[in-house]
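Consider the two complexes below, in which chain A is the common component and chain B and chain C are the respective partners.
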Partner chain A sequence: MKKIVLMTTALLMVVGFSNAVMASPEEDRQIFLNFYKERFPNVPQDDYINGVYAIDPVGRENWEAIEEFPPYETAIDAGKSMWDTAFANGKTYSDCFPDGPAIMSKYPHWNKEKGSVITLPLALNACREANGEKPLKYNKGAIANIVSYIAYESRDQVTNVVIPKDDPRALEAYEMGKKFYFTKRGQLNFSCANCHLQNVGMVLRTEILGPAVGQTTHWPVYRSKWGEMGTLHRRFKGCNEQVRAKAFKPHGEEYRNLEYFLTYQSNNLPLNGPGARK
Partner chain B sequence: MTISKKHLVGTTGLLISVLSIPLLTTSMAFAADAGNAVAEGKDLAFDRKKGNCLSCHMIEDGASPGNIAPPLIAMKARFPDKAKLRAQIWDATAANPDSPMPPFGKHQVISDAELDKIVEYVWTL
Partner chain C sequence: MRKTKYLGILVLAFILVGGIGCATASSDKMSSMKTEMTADDATAAIAAADAARKKAGSVSGEWRDTGKIIGEAEEAAKAGDFAKAVKLANKAKVQGERGYEQMVSQEKLRLPSYFK
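Entry: the complex of A and B
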């Protein structure tokens, strides 16, 4: 435990987070932004929503060609019919989400009663279960379809993660997510920050490492490597497993807090999901 | 904080030197077979399931290297002491806690015998 904290501190210092161990979420966000601004002075802030393509002009050309016939279109259509189709009891998703479907920017958020971070897929499954339906599996398939539809309908919104001051556990959850981000894991011993902060823009074999800011704005993603849509937590799993670490449960506490921390770093950036990646 | 960090690094360093004594003996056994060890070491260093050093380092004729790390050239000049080279590959985080380089020996990504061969190869670069 002590060791983890020490390692974290060391990396934080390397990337200029010297006072960040105690920094507020807003200070963290500024540190992230300034760090990337120094590395990529010509990238406009809003362009970070395009992920690694903000800093990879060659990859970007291929990606823009792909976006002309978006591979996520069928997912949006399938998601819309899920939204419009009644459950066995006659109710629909709209009964749980009266403001929906354009509700992406409300997630993830802190829920005081439950004492935990609530992500959109969790809320969707809670709705299903409350109406006698089976919960959906979290990594791909139907969940990716309905979230694609919601993401698409929310495209004019901006990321707006709030850490309420009236419940100290909310900040604790954020801090847990931050710690997760900086902790080295797996046989290959990488933290998220080793790749997406310390070595951002560098090439790992054939992959350019993209910035953390903007990573959450465009989910779910159609990934050519997957040959299908996948959710944000599926990507967390992949990034854990590629360093031979054990993945955590999708929407379990670790990944919920990680999503809370990571999405906060994209605050004020436009939502542009669903997305496509190579 | 700083004091305990020093202490931590110190202990790790000590642990490595204790562990490397028997390992060095192993590598001497290979000395007779050095030519083979170099060739096998190269295969191990390039193998994506083993060293996969190319994902970060440029190495002579290796295809599509990453650029996270310094190119592996002039190794004898940079590491006159082979044991130091071995220690770097065994656990890069001992010298630099932030190093993204996997601790190949310490985390048993590769076996000690494999590590010895990689060292033989890298030392020829």
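Entry: the complex of A and C
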């Protein structure tokens, strides 16, 4: 009898564990949403697009004051100028992105031909290279400007990351991003989830840890700490370095998959980039 | 009785002084060992640290400062401070080993209990 009970318990644990690991992307998203709903019952779901300011009323007051004279405006203007200026061969970004510039909600997406996740900065650089231009560096500067313009033009579009079912590699990429998110790394042995899920709302030194849902909707951002605009992958790099892990290459496979997983969790939320953060 | 008491104190004092002497000698010996590190020791320690760093990197587990510490070890070796070079290289080697173990131990995704 004891053996049967033990075997049944073990079986149930295995089944439970497999289910947890093999949850579908949509189930993952619901788990995230339910987690934050339980932790912050008074925060409306749409308010998560404001990142940490959805749960930090004092920080929100400061942020709203900053938003009266947005520090990212010059980046939008510079980005518009880039969009409108022809490459040396006479073509423009519009030739690569005929639906542009409001194309933010199309990224990141799975590219079946290339067998990888394509992010917006990656697509912009591919466009440049196809037209004989040098690719832009990924963390800051011109790339942040043009993505700011595209983000601004895409405001109020809705996050819509699709994981196509006709190519199992897309789900694999998502799962790799998920694994990255939950893997502890660096000398401090922290995962993304340790800060943005397990300890969300807690204070780390002087900063409140923000929720994962809504985290991708407002990029690029002007960060006061940087004193300039920066991209989402610059922030990924900063997070990894803060836990004393060696950062990965921006728009390399690791961060592309992470962006795919993380952006999926914000599906159905409006895009509101560019933004301003401390 | 009184004589025995003084004798006891004397013996204790000898033991104490002797102990301190030994400890000092041992410490001197250790520091002389440190200064006796050679360029070959430093080169070997740095190579071992770099191998550990690369091994960690092969599983995406390299830590932020490991490469920097190896660089500092190389600088110390160039400056002829081989003891410092070995000490830094050993520190980097441990980081490489821990980074590798950290990633290998998480080879399979295990979701935390709070994610359910």
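Everything that follows uses one rule, which is that the second predicted complex is superposed on the first by the 259 of 278 C-alpha atoms of A that agree within 3 Å, B and C clash if a C-alpha of one lies under 4 Å from a C-alpha of the other, contacts with A are read in each partner's own complex, and residues count from 1 in each chain.
Following the convention adopted for this analysis, a residue touches a chain if its C-beta (ideal position, glycine included) is under 8 Å from a C-beta of that chain, and two chains touch if they have at least 3 such contacts.
Keep in mind the model is a prediction, meaning the values are calculated, not measured.
**Q** Tell me which partner A:187 touches in the superposition: chain B (first), chain C (second), both or neither.
**A** both
**Q** Given the touch rule stated above, what does A:42 touch, chain B (first), chain C (second), both, or neither?
**A** neither
**Q** Pick one for A:179: touches chain B only (first), chain C only (second), both, or neither.
**A** After superposing on A, A:179 lies in contact with chain C but is clear of chain B.
**Q** Under the stated touch criterion, which partner chain does A:254 make contact with: chain B (first), chain C (second), both, or neither?
**A** So A:254 only meets chain C here.
**Q** With the two structures laid over each other on chain A, which partner does A:198 touch: chain B (first), chain C (second), both, or neither?
**A** After superposing on A, A:198 lies in contact with both chain B and chain C.
**Q** First (chain B), second (chain C), both or neither: which does A:245 touch?
**A** Second partner only.
**Q** Which residues would you name on chain A as touching chain B in one complex and chain C in the other?
**A** Common interface on chain A, chain B vs chain C: 184, 187, 189, 198.
**Q** In the complex of these two chains, what residues of chain A are touching chain C?
**A** 17, 20-21, 31, 35, 175, 178-179, 182-187, 189, 193, 197-198, 240-241, 244-248, 254
**Q** Please output the residues of chain C touching chain A within their complex, sorted ascending.
**A** 57, 60-67, 95, 98, 102-103, 106, 109-112, 114-116
**Q** Show which residues of chain A lie in contact with chain B when the two form their complex.
**A** For this pair, the touching residues of chain A are 2-3, 6-7, 9-11, 14, 184, 187-190, 194-195, 198-199, 202-206, 243.
**Q** So in the complex, the part of chain B that touches chain A is made up of which residues?
**A** Against chain A, the touching part of chain B is residues 1, 4-5, 8, 52, 54-56, 64-68, 93, 97-98, 100, 102-103, 107-109.
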